[in-house]
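Next come two complexes, and both contain chain A; in the first it sits with chain B, in the second with chain C.
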Partner chain A sequence: MAVKHFEAEVRREPSGAVLDLRGEINGFAQEALDAAYAEAEKENPGAILLNFEEVDYINSTGIALIVGLLARARAAKRDLSAYGLSEHYVEIFNITRLSDFVNVFPDERSAMGDRRQQENLKPEA
Partner chain B sequence: MTAPRNGSHRTLAELSVPSEPGNERRAMEAVADTVEGLGLPGRTLERLKTAVAEATMNAMEHGNRYREEALVLIEVSATDAEISVRITDEGAGPAAFDPETPDLEAKLDGAQTPRGWGLFLIKSMVDEMNVTGDERHHTVELILHLNGRKEASDGRKAL
Partner chain C sequence: MTDRTSQNEEQGEQRQPRPEPRDAAFWAKRVDKLEVSAVPDGASNVNVHGRREVGALQGFGQLWQKTYRVRLTGVETTPEEAVRVWKERFPELQPPNSRFYPSMAGVAPGEVLFISASVGGMPVHTGVRVIYADDESFTVMTPEGHPESGWNTFSAYADEDGTTVAQIQSLARANDPIYEIGFRVVGATEQERLWTHVLKSLSAHFGVNEPVSLEKTCVDPKVQWSQIRNLWHNAGARSMIYTMTAPLRWRRDRARRG
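This part shows the complex of A and B:
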């Protein structure tokens, strides 16, 4: 079986930078994922949203890669959110406790809505 | 491949995959196809697939050192009460699993490597996991109980 390709693209939205992920998140995804995350970090967004809608497989190495992104986000005091995970991968985010640190939403609309709410709650400078 | 019934214990398939990165998905899909007719709930099937993929990946990486000529053998069998998937590599000595229980906060603080989720995922996804081995092989057996299976509303296995 050919190993499925992984792609990640960065999209700028008012609520933050969105990483549109496609394919399989395994060891082969590391380079592309890290490069896309570095691109997303440019312009210092308050939040980065991981879009898993077109991800059909995440293995334990992929979980480790997501842990690495979370560590980078925390070091930069940046919110990390995820949406579009299948029910199975929501369960994996729960049992690994990733969902304690990454805000998990069913879809982009709810993720963006939460971000807007967070922005509105921030005290004015 | 289907073998004849052996009493109430049926061998449903005997499969093998070369030890090449990515082949765990091939193993996972083959096992899913094999158990398709057993009526597993979708959530349970997804758990079994993840456990098979992780155990196969471990066998290819640690048991067979990603030598392509070294096969990972997968035997799927069932009784009325359970499904068993036995995953065997060509490694010697104790089966290599990271013994450290993953702790996400420790990983985020750099006290643990970000990796090391494989065994944890396997144990979380199936009802039993047994590891055996000799001087030429390791076998990881994954067992799903079919009767009286209860799942908590958050998707976690009932203990």
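This part shows the complex of A and C:
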């Protein structure tokens, strides 16, 4: 089976920075993931959202990379949430107990909505 | 909000179930607590059955990522072959003061490996569960009471010149304040010696004598006081009590038989 390489892009949204993740999260994803996270942190957002909608493979090294991001976010007192995880990856977040610390949402709308609630922001017109 | 969000919303309403990812078979099933049905000869189940698993975020101490590597230079072996040997010979690659007891199924997703170690002369009975295993890696996660809270991933890969590199990456923090003090005083060095020994043993199996490199990063320097209750499960303390009360259990069992 062909290996799908990993890519990550940063989007700025009013409720925080969104990292759009694509491909396979394994040991080879480290450089791109770290670089994207550093880019997302640049404007000191209150929250960073990880978008897993286009991620189709995560191994245990990939989970460790996500834990690394979470540790960085917690050290900076920044919210880290995830959305777009398939049922399988929600289960992996439970197995590894990542879900104790990462808020998992079904989609971007609900993740953003939760964030707005937290910040007491009014919904956009 | 960007246009993309509204597109996503529309897509979300029509979303089809996603196919099972190819990593699905490599992950263990979720368990609320570890359940042990059979204990290998020589192993102790004193701190395993009924314990919850704990990851790198649930422990007390500083969070460290440590990566140990050895190059299997001059050997025609693939990463898959190196990991196959590693899984099969995992117990015998350990130093004498750290004994691992795999189940009959060996290193496979969901299996528990029992550990009996000697730390500073004191017995520590604990275990780990294999949460992930594929052809090129396997990962174990610790239970409550284990000195560390987190994961160790054992893997192999081919580097730029095609040489197979065996790697151990741990992402863990001390489980409670006693372990944290222990790690800061001497435990971290002992642990580094342990994993260096394992990589040296693995490379020796392939007839290689190369140095083991170590990179370490403190991912989170803060201790988590919210986790101080982890002390209750401290496997070192419980193992010591278990060992000291062995004569009482022996007398009780004898009385029951008698």
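By definition in this document, the second predicted complex is superposed on the first by the 118 of 125 C-alpha atoms of A that agree within 3 Å, B and C clash if a C-alpha of one lies under 4 Å from a C-alpha of the other, contacts with A are read in each partner's own complex, and residues count from 1 in each chain.
Just so we're on the same page, contacts are C-beta pairs under 8 Å (C-beta built on N, C-alpha and C of every residue); 3 or more make two chains touch, one makes a residue touch a chain.
For clarity, every value in this text was computed on a predicted model and none was experimentally measured.
Peer 1: Is A:Val90 in contact with chain B, with chain C, with both, or with neither (first, second, both, neither)?
Peer 2: The answer is first: A:Val90 touches chain B but not chain C.
Peer 1: State whether chain B or chain C is in contact with more residues of chain A in the superposed arrangement.
Peer 2: Counting residues of chain A touched by each partner, the higher count goes to C.
Peer 1: Give one of first, second, both or neither to describe whether A:Gly27 is in contact with chain B, with chain C, with both, or with none.
Peer 2: Touch status of A:Gly27: both partners.
Peer 1: So, A:Arg109: does it touch chain B (first), chain C (second), both, or neither?
Peer 2: second
Peer 1: Could you give the residue numbers on chain A that contact chain B in one complex and chain C in the other?
Peer 2: The answer is residues 1, 27, 57, 59-61, 63-64, 67-68, 70-71, 74, 86-88, 91-92, 94-98, 100-101 of chain A.
Peer 1: Under the definition above, what is the set of chain A residues touching chain B in their complex?
Peer 2: Residues 1-3, 24, 26-28, 57, 59-61, 63-65, 67-68, 70-71, 74, 86-88, 90-92, 94-98, 100-101.
Peer 1: In the complex, go through chain B and note every residue touching chain A.
Peer 2: 21-26, 29, 43, 46-47, 50, 53-54, 57, 102, 104, 107-108, 110, 113-118, 120-121, 124, 154-156
Peer 1: Okay, in this complex, where on chain A does chain C touch?
Peer 2: That would be residues 1, 11, 13-14, 27, 53, 56-61, 63-64, 67-68, 70-72, 74-75, 86-89, 91-92, 94-98, 100-101, 106-109, 112, 124 of chain A.
Peer 1: Going by the contact rule set out above, which residues of chain C touch chain A in the complex?
Peer 2: 1-2, 4-5, 8-9, 12, 18, 20-24, 26-30, 53-58, 63, 65, 131-132, 134, 137-139, 141, 151, 153, 155, 157, 169, 171, 219-222
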